[in-house]
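First chain written, first letter: the chains are A, B, C and D, and each begins at residue 1.
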């Protein structure tokens, strides 16, 4: 991929981000913060490349540390988002105490 | 540009199109049809390339015909959109008969 | 600069053009931003054209300028002269041109692949480009012939009645499969072997035929959905050519236009409570507005006069005007606005209520009212005004019918059941303008509102009737 | 498969991952779609990770799996244990990790450019990659140190008071300019000349310092805007690394996250009626909730009891509950829902009204109420419910303050003037829970509502007070 392709992808992705975020309902803004956290850890791809490469030991260890940090975020971020989202319920489904049935 | 870059650009552009069109106010759906008409004539770029190339005379004449057709659309489409859009006015601005002042 | 320079600035210029097209559509989210949006669109087109001109060695500039000038004259004249009520036809006509232009470009690229930079070392067209070219040409051809039929039906050059060939679904599907088969075969042939031309021309001819065959069975009243669908196709054709030319502006535009057409078709189908498939399968809407379904039982109804209407509306607190297709046919928008102004001068609150599928095209009524200088803040959408009918003295229905039919809410067997409609029956008084008691709307069904206690039918041409109301209001 | 294969399927896999991330955010447009959205997000991440693993020769799989497992354990434990009221801190902590990971990746790429495929024929790092690396590292470092401070302030490990160094604007700006200058110089050096390492490490150290310096002058109460801004930064850092690695998934994600953080900051600033610049300049919100501004004139007000509240609400037709930051602090959401259920059982209509900036984080109140099993169709946004106060018997304000302050509508000199607020003063009766008359809200201003005729102050900890109301309702 040449630079201009990447730039084009980036610019269009910014438009998509703009629209998709504005379409998020305000009630879910906290889960939005949590899930953006999780997905921004896609940086783990870079850490994997660093750890996989056998070039420099220092780079490898930095990569492994990056993997661990990003993993905390990925697992933690998606799990906490899922936890929050399961809390949002409609009226008709009996909730709360009703759940123990 | 390789094929995957182009594909990525296309897919993201589809997302942008989806959001941007849904955000158009229903009152302006007719101008929307007219202006999409105009911009889809960007196909004139292909016609220009065909007409510019000195390869095959047939291709050149097809290109020239394409230029003429696309130009009808470009000028006609933007002009008719502009004509429609100038009609949409707010209340406070005195309109109609008031215009002759 | 030389041909096919891999100059990144060229690619960036096309990207900017594409972004300007996005901003052009984005502007349409509000009337005040829309004019600037349109200028963005023009600027984007200028950038695309100029970039193409300066990055190619041009062997024939005078001819090209003549072609552009010719197009400009025709386009500008048409745009200035066209009546707003003829917009559906105009859009169809314009689509046919885009489709044909796509066919011409694809054919030119096929004949002169070198000029388009899509040949491999051996001088053959690249496999992926072969697919793109063929698809671009085929979609363009379908768009062209389909739009020509849509134009003829909308413009009255051809009867709106659906023409139903026996076995048409089989024929159409078979032809489309044949086109795809030829495309696949063409792409798979390792060399541009003998028969290359034959394959291209056959696929193209079949595509022209399919466009024709697909549209003739569809009734005139369903044409707006078809026009939108063809709009979408013209976008995909442009995108296919963008893939061939590696041109970001064309790809972005294609996606925008493709999405726009698809979404507008969807909105129309949803508001009419019909599936897209049923529209495309055709055969519906043949008798629209012809009043052929006269087998209704006679029930009592009240006839009103222009004077009655003028008298009652003058005394009202609030009048809601509901325009429909009949207003467009009668060109009654200007005199309607005059009536509204007279009522406002009497202290009456006047609002215009527009249903998403009133008329025959999305946004049809809005453009006509805007043409008549009705300010857009007097114009309300269905969900914003529907709660107000209970507090409204007069619902003034002019040339609308299906969009005020309560059967959509109550009668499960009605073809329009489930379509959202105006709750006009809650208004204290209803005036209903149409030409005759036997005439029906697009869906061809009777309307309970005609026979309600508070309804008065004003039977006449819409323009004539409103002129009479205006006269009555003036003294 | 070998390293850096130009296999188009790899690029397509990353594209699919990026699209899945778009769909993850898109799901959040409605609660019912949101769970599926979250699964799209997980699937996207899985695709990205697996694609990376299968397309690289891996010298150290066991270590990598251990690192992932370690992260998973820590992440999952935290996610399960964390209290919903601690979400702002958690988000800040997670951001710091993303920032640090970006720094580590950029540093690794700097040390082993060959492994990342960003070297030219002579073995030097490509100029454009040098810029991207440096920017990615710097943004990551700012995100890291800024988020650490934000975490400490939100979690109470550090005083929320702004720490104002003299000349801090000059220092900060100077440091940022220095980083940009070094980056430009580094990119311009034709060879990876001597001093390459020196430049990278200096810029990195300066960036860590800037993150620290930028955030310490900002008061604890402004932290949510800061957290969102840092969220945005972490996105741009990921995008920068995506440019380096030519990775579509990272670029798309970066743009999504960048946009999300920027838009949330914008929404908060708009709802607080403050400019983003004034937040970032710092020094505001030092005394939030501390009640230090006690110099108000004493005016008469009425004290209510839990029994009064229970009695009056039982007889009401409609009660609107307005929760705010105090409800979160007191963890009163569960008992509040119990109160609502008891009232509903008495035939009272109970609605929850949430202001866009109630609490200390966008959507803060919604999550807490959802945690307490309040169904989301009982929860209304400002513009949807504000018209209803005139027909409401009781406005029950619990731990909210600024969001019901009428000064925002009337007093041009108020710091919150122009912020949209609930029209609670139109309700027949108002109950106002807070701990003391001297305590103020985030903006530190007095509230006219305390002294209104129909207002009764319920002074106590929110949880305690609502528990008493529940007891009173139960017999």
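Some notes on this structure:
Here, a residue touches a chain if its C-beta (ideal position, glycine included) is under 8 Å from a C-beta of that chain, and two chains touch if they have at least 3 such contacts.
In this text the structure is predicted, and so the values were computed from the model without any measurement.
Seen from the C-alpha centroid of chain C, the farthest chain centroid is that of D.
If you average the Cα atoms of chain A and of chain D, the two centres end up 14 Å apart.
With centres set at the average Cα position, the gap from chain A to chain B is 37 Å.
Each chain gets one centre point, the mean of its Cα atoms, and the points for chain A and chain C are 40 Å apart.
Shared interface positions of chain A, defined as residues touching 2 or more other chains, are 1-6, 8-9, 12-13, 15-16, 20, 23.
Among all residues of chain C, those that touch two or more other chains are 11, 18, 22, 248, 252. If each chain is drawn as a node and touching chains are joined, the picture fits none of the line, ring, star or complete shapes. Here chain A touches chain C in the complex through residues 2-5, 7-8, 11-12, 15, going by the rule given at the top. Interface residues of chain A facing chain B in the complex, by the touch rule stated above, are 1-2, 4-6, 8-9, 12-13, 15-16, 19-20, 23. Chain C contributes residues 8, 11-12, 15, 18-19, 22, 248, 252 to its touches with chain A in the complex. By the touch rule above, chain B contacts chain C in their complex via residues 1, 3, 6, 9-10, 13-14, 16-18, 20-56, 58-60, 62-91, 93, 95-96. Interface residues of chain D, counted against chain A in their complex, comprise 3, 11, 17-18, 21-22, 24-26, 28-32, 34-35, 37-38, 41-42, 44-45, 48-49, 52-53, 56-60, 63-64, 67-72, 74-76, 78-80, 82, 84, 87, 90-91, 94-95, 97-98, 100-102, 104-109, 111-112, 114-116, 128, 227-228, 231, 234-235, 237-239, 241-261, 263-264, 267, 337, 354, 356, 361-364, 366-367, 370-373, 375-379, 381.
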